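By written order: A, B, C, D and E. Residues from 1 in each chain.
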Amino acid sequence: MGQACRFWEVSRLVAVLELTNISKHFGAIQAVNDVSLSLLAGQVVGLMGDNGAGKSTLVKMIAGNFRPSEGTIRLDGSEIVMHRPVEARQHGIEIVHQDLALCNNLTAAANVFLGRELRRGIGPLKVLDYKTMYRRAGEIFRELKSETRPRDLVRQMSGGQRQAVAIARTMLSEAKIVLMDEPTAAISVRQVAEVLNLIRQLRDRGIAVVLISHRMPDVFTVADRVIVLRRGRKVADKPIEASSPEEVTGLITGAIEQV
Amino acid sequence: KKQLVIVVKGLDNPFFEAINQGCQKWNKENPDSEYECFYTGPASTSDEAGEAQIVQDMLGKADTAAIAISPSNAKLIAQTLKTANPSVPVMTLDADLAQEDAALRKTYLGTDNYLMGKRIGDYMKEAKPDGGKVCSIQGNPGADNILRRAQGWRDSLSGKEGLSELKGEGGWTEVAGCPVFTNDDGAKGVQAMTDILAANPDLAGFGIMGGWPLFGAPQPYRDLFKPMADKIAKNEFVIGAADTIGDEVAIAKEGLVTALVGQRPFEMGYKAPSVMMDLIAGKPVEDPVFTGLDECTKDTVDTCIQK
Amino acid sequence: MAVTLDQTIAQKQRNWIASVVGGQTFWVLIAVILACLFLSAATDSFATAKNLYNITRNVTFVAIIALGMTLVIITGGIDLSVGSVLCLCSMVLAVVMHAGYSIEVGIAASIGTALIIGAFNGLLIAYLDFPPFVVTLGMLSIARSLAMVASNNTVVFQFGPDHDTLLALGGGAWFLGIANPVLYMIILALLTGFVLRWTRFGRYVFAIGGNEHAATLTGVPVRRIKVAVYMISALSAGIAGIVQTGWLGAVTTNIGAGMELQVIAAAVIGGANLAGGVGTALGALVGAALIEVIRNSLGLLGINAFWQGTFIGGAIVLAVLFDRIRNFRQSE
Amino acid sequence: MGQACRFWEVSRLVAVLELTNISKHFGAIQAVNDVSLSLLAGQVVGLMGDNGAGKSTLVKMIAGNFRPSEGTIRLDGSEIVMHRPVEARQHGIEIVHQDLALCNNLTAAANVFLGRELRRGIGPLKVLDYKTMYRRAGEIFRELKSETRPRDLVRQMSGGQRQAVAIARTMLSEAKIVLMDEPTAAISVRQVAEVLNLIRQLRDRGIAVVLISHRMPDVFTVADRVIVLRRGRKVADKPIEASSPEEVTGLITGAIEQV
Amino acid sequence: MAVTLDQTIAQKQRNWIASVVGGQTFWVLIAVILACLFLSAATDSFATAKNLYNITRNVTFVAIIALGMTLVIITGGIDLSVGSVLCLCSMVLAVVMHAGYSIEVGIAASIGTALIIGAFNGLLIAYLDFPPFVVTLGMLSIARSLAMVASNNTVVFQFGPDHDTLLALGGGAWFLGIANPVLYMIILALLTGFVLRWTRFGRYVFAIGGNEHAATLTGVPVRRIKVAVYMISALSAGIAGIVQTGWLGAVTTNIGAGMELQVIAAAVIGGANLAGGVGTALGALVGAALIEVIRNSLGLLGINAFWQGTFIGGAIVLAVLFDRIRNFRQSE
């Protein structure tokens, strides 16, 4: 609790990312509705909500996959408009997608580096640097304590290994913000502990982390703050120590209206 | 046995099958010859490169004693022959090489396509001297023999040479949308003729340069022209058509076509082996050797086909 | 809350009007109708009884095969052999009848041939997991070659004792002056539509196209259904072959050449999705109709023969454009 | 605890399903290795293990999706050999697959009834009975308290709704055994509670339930017995009250060898 | 434990021998070699310098296009327009040179045409989400029609001042007596292989075929890559057209008809998967070679012309059989 407090205080100093009145609709569906929030360096935010509440849509907007229908995104105080995921990465925003976004026909290393392959060579003639990519990917898997072979095809991998590959992507560069969309959904207790550990490590490096999860214990173990969405609207945003699993459950289901 | 090879444009055409029949008949009649007639070709008439490849294969084969080719792309076969520089005698069959490549083959055996088109035109002109609106039905857009027939047909109708479209010369005008390329598909041919006729009720006739609509789709052809049988009999509407294959002669007998001008593919296939043997033996051979034309009108159907 | 749940469960996201208007079939149908209206206004010769008779009849052969092809496409497969199968079946019918057998024997032999070929395709695809493209491409070559063997590559135009019955079957107009092939097409389309919507078989066809793995896990007899689907496709080609033989009155070994692409185009234009899981019987008809109307109009409008291909190709692309634009708007 | 005991006692009386020395290998991979276990009527068994431990493979053999490489399956005392999933269902065995096994292009009701469509009509001419299927599916969704519309396409549904559709399948007929392969992985707290409730209902009807889950709290809330697999072998099989989350975690990771 | 983890991470599930032997390409290559050995033994005329020269040259046109097609297939698309594009590009080259321009101008015009067509296909497919089958089927029709328009449907066989240069380009043998087209094919295959394996572009092509959605999410420029891929496919058809023109010495509006299916067959036989994500440059060559060897052998063995289609079709199916049997064993 004391630790959580420490970060809460730090956070007031540095708002890495600020969303103001963000909305997103798909045709008639209002997926995210007038949400404002700010992410603070070195703070883990648990983002919770029912299925279809708009969690994935919200983080996808931050990651540059969707453009908001309305509202502004501010990074380090200045407004940014992102057209492509690459731009978000250039701004130091990394995401682990809910469906992992893996290409089954590529190796683990190729998936980790997808979209930002390392190359070597002189002048305009650059070729893929397989060796370095395998090495770096191996290092990251070792750091994650995951038995994942960089040279193997993702097709043949177990759920936990696939998850490791998706998470490894976020560790390629020094990110400012890491968004994790249900990183622990299909993995075993062992890897869950690793992922939560990893999140703590990120936090300790001063990175802002958003953790989407349906697993109450995960969020309450690792998050400093919890945000709850219901039907696209933000219904709660408070320090974790000021809340409780029961309250959050009530907020998610609608038993509690708003706090 | 040594082989006298016949390479045709494509196996999918009954016309070439008649050549094959001739070839097989020759084999049957000459069981003791040291040669046999071997018939081959690409699966589809439109596969020009395929034919060239088969020609190469055959020229490369040790058994081949002589070869007769029906080139679907004359320039291409000429080029093939130039590079292959064959040691066995080469002749053309049914369709010839271009004038300037004539030296590449010993002789040509087959129809005079220009004359054939001209005869179709002659019949039409004779039946309807004042002319009118016409449309020509052609086959594959790249087929040289058909293009030559069309030229003969236009020259006959217009009385001039080398026109690529009739615009009133000799009284004849080609309507918009013509010529029609049917890609050797009978049904498509009749469908197109139906459309053209609907669009131009004052049409005076069709010049059909390949017999597909008649022998490939005889029934729809009958359905289309039966109501016009009177007009055809009175030469108010004239149809000149190529070939005497399949049901065509019967159609002529029913008075649904003004005249048919047919080739003699069987004769080509039957004669080709003898010509090739002459060439192998070094005997002098005429160049070209024309097989005749069978010309049928309603009145002559029973006698017009050379047996 | 209980009321809300009940209400929700009773709801349907899209009512039937929305789902009709939402489909590509609808837009292509609109395109066909617009084209017909335009042609009626622009030419005297389009909206004549005779021209309509011809158009409707011309459409049938592609449409009948497109019905079978639609089933194949819904399962996520493809059948390139239909043109050749049509040829082989026509040839078997012709040769058998020419040899003096009755029309019943001829049709039975022809249908039997189609079913054997379809079963061969289907078995390789379903049980040995061959790619449909490869198997049916091989069959495209094989079936036409067998047609040549069967007929000795001649034109067959005399069909023995039942010659006239056959011609009447394909060329007559027994009902209200509608060409017989059109009647067959309508009956087959209704049958296909019924099977797709109302039978367990049809349901399984969609399930396989939607998620073959899921279908297998839930106990759908995936392999048997797939074999059946390729048999139906070959059968539809066989039926089209028989009808076409009756109409043409002659069979050559090049009939149906290149038809596979036309048939697939008809099915796809009508809304079938080559990725599987989507397609309707009506769509097959509408797609075939669009292609035929364009072909017909080029003749009536007197378009230069060289340009006709451009128009046909352009129309094929345009047919899908409507649907695309609608989708595009929606997703943005 | 008292309740769990009650079922434990009942269970000794009726062993619905018995697996004896079951193994399964895919080529060189030994997915399940010499596992014996018995399911008892009215008992919930939590099946746990690391990713790739062989859990899904084991239940798929029970559900007739795979045939065991070795070993026998006994239902109500008599040996059965199943070639197809339909046969398992005829024996009263239902399964919720891990990947849900849904066809996106079909409606929810069509998915629920996939493989056993209701038909009406006389004699050989039978047509699909849409009306009854929609009604029955609606009833089941109501029972599950899930806002799922039977007439809607599954493509457009949220994770929770998809899960509801998959679970609804098991409720079509009176099953003896229900196998649930991670039914709670991607769904929100609200639906998790519903699913756990449902499992209790099944148990109370005397049905044997196998629950595969990586979520320790779920298993410890609802299961009567816990089985742990490691690398295809069974390393534990004990009443839940005789175990603890810590022990199970140790068994899963291999920190504890066997109990 | 730390050691174990490190070891695991350093491992590779399949070494390169296993993955070579595991692929379909390998088995088809074996089939080609076996067929060649058999033909050398069974006939005098197969293993002659001249026949080998011919075979290798004949293979090139399909093989060159199959290289481009392989890229398209890897992304999960298909390009039916290649035969017509070949025709149009040949025709543009021929017409331009016939009009008196130099060969450089002719080739530039021809390549430019190919790129425009490819870009058109690609833009519709990538940006408007058209089904590739429909767009390229439309283009099949359009491109051939434009070739007719460009040439007025005549045979062009005089190529102006650079006539002889063009013929030498396509028909000569500048290096070790190997036909020029073969040299081009080898160079293009090496280039394609290099691009697929060693460049970011190649990596993206595979990623799109593996999971287009994932590729988009991770920031791969999916649309631009797709456009590029269809441009490359059209370009390969254009190059094949130019080389073929040089070899044939004449262009008609017929050339390349039906070639699309041959090319796709070659790519698929060589191991490309129409579902996307799998394919190699070597596979395209091997697939094309198998088809050509079969075709050549039928003539040399004196097989009855009617039966040839059956053999070719059978061989196409058999080519995949090896791979299937291996897979089948493994999964059981």
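The definition used in the following text is that a contact is a pair of C-beta atoms (placed from the backbone, for glycine too) under 8 Å apart; a residue touches a chain by one contact, two chains touch by 3 or more.
If you're wondering where the values come from, they're calculated on a predicted model, not measured in any experiment.
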- Item | Shortest contact path, subunit B to subunit D, counted in steps | 2
- Among all other chains, pick the one whose mean CA position is farthest from the mean CA position of subunit D. B
- Item | Reference subunit C; chain at largest CA-centroid distance | A
- Message: So the centre of each chain is just the mean of its C-alpha atoms; given that, what is the distance between subunit C and subunit D in Å?
- Response: 43
- For the pair subunit B and subunit E, the C-alpha centroid-to-centroid distance in angstrom is 35
- Centroid distance [mean C-alpha coordinates] between subunit B and subunit A, Å: 73
- Message: Give me the residue numbers in subunit D that touch at least two other chains, ranges are fine.
- Response: none
- Touching two or more other chains - residue numbers and ranges from subunit E: 148, 152-153, 258, 305-306, 308-309
- Of all residues in subunit B, which are in touch with two or more distinct other chains? 11, 43-44
- Message: Taking the touch rule as given, give the residues of subunit B at its contact with subunit C in the complex, in rising order.
- Response: 11-14, 16-17, 20, 43-45, 175-181, 184-187, 191-192, 194-196, 198-201, 215-220, 222-223, 245-247
- Item | Residues of subunit A touching subunit D in the complex | 48-53, 158-161, 182, 185-192, 214-217, 248-249, 252-253
- Residues on subunit C engaged by subunit E in the complex (per definition of touch): 80, 124, 128-131, 133-135, 137-146, 148-149, 152-153, 258, 261, 264-265, 268-269, 273-274, 305-317, 319-321, 324, 327-328
- Complex contacts: residues of subunit D adjacent to subunit C: 64-65, 84-86, 89, 97, 99-106, 110, 114-117, 119, 126-128, 138, 141-142, 145, 147-153, 156, 169
- Item | Touching residues on subunit E, where the partner in the complex is subunit A | 5-6, 8-13, 197-200, 203, 206-207, 209-211, 213-221, 277-278
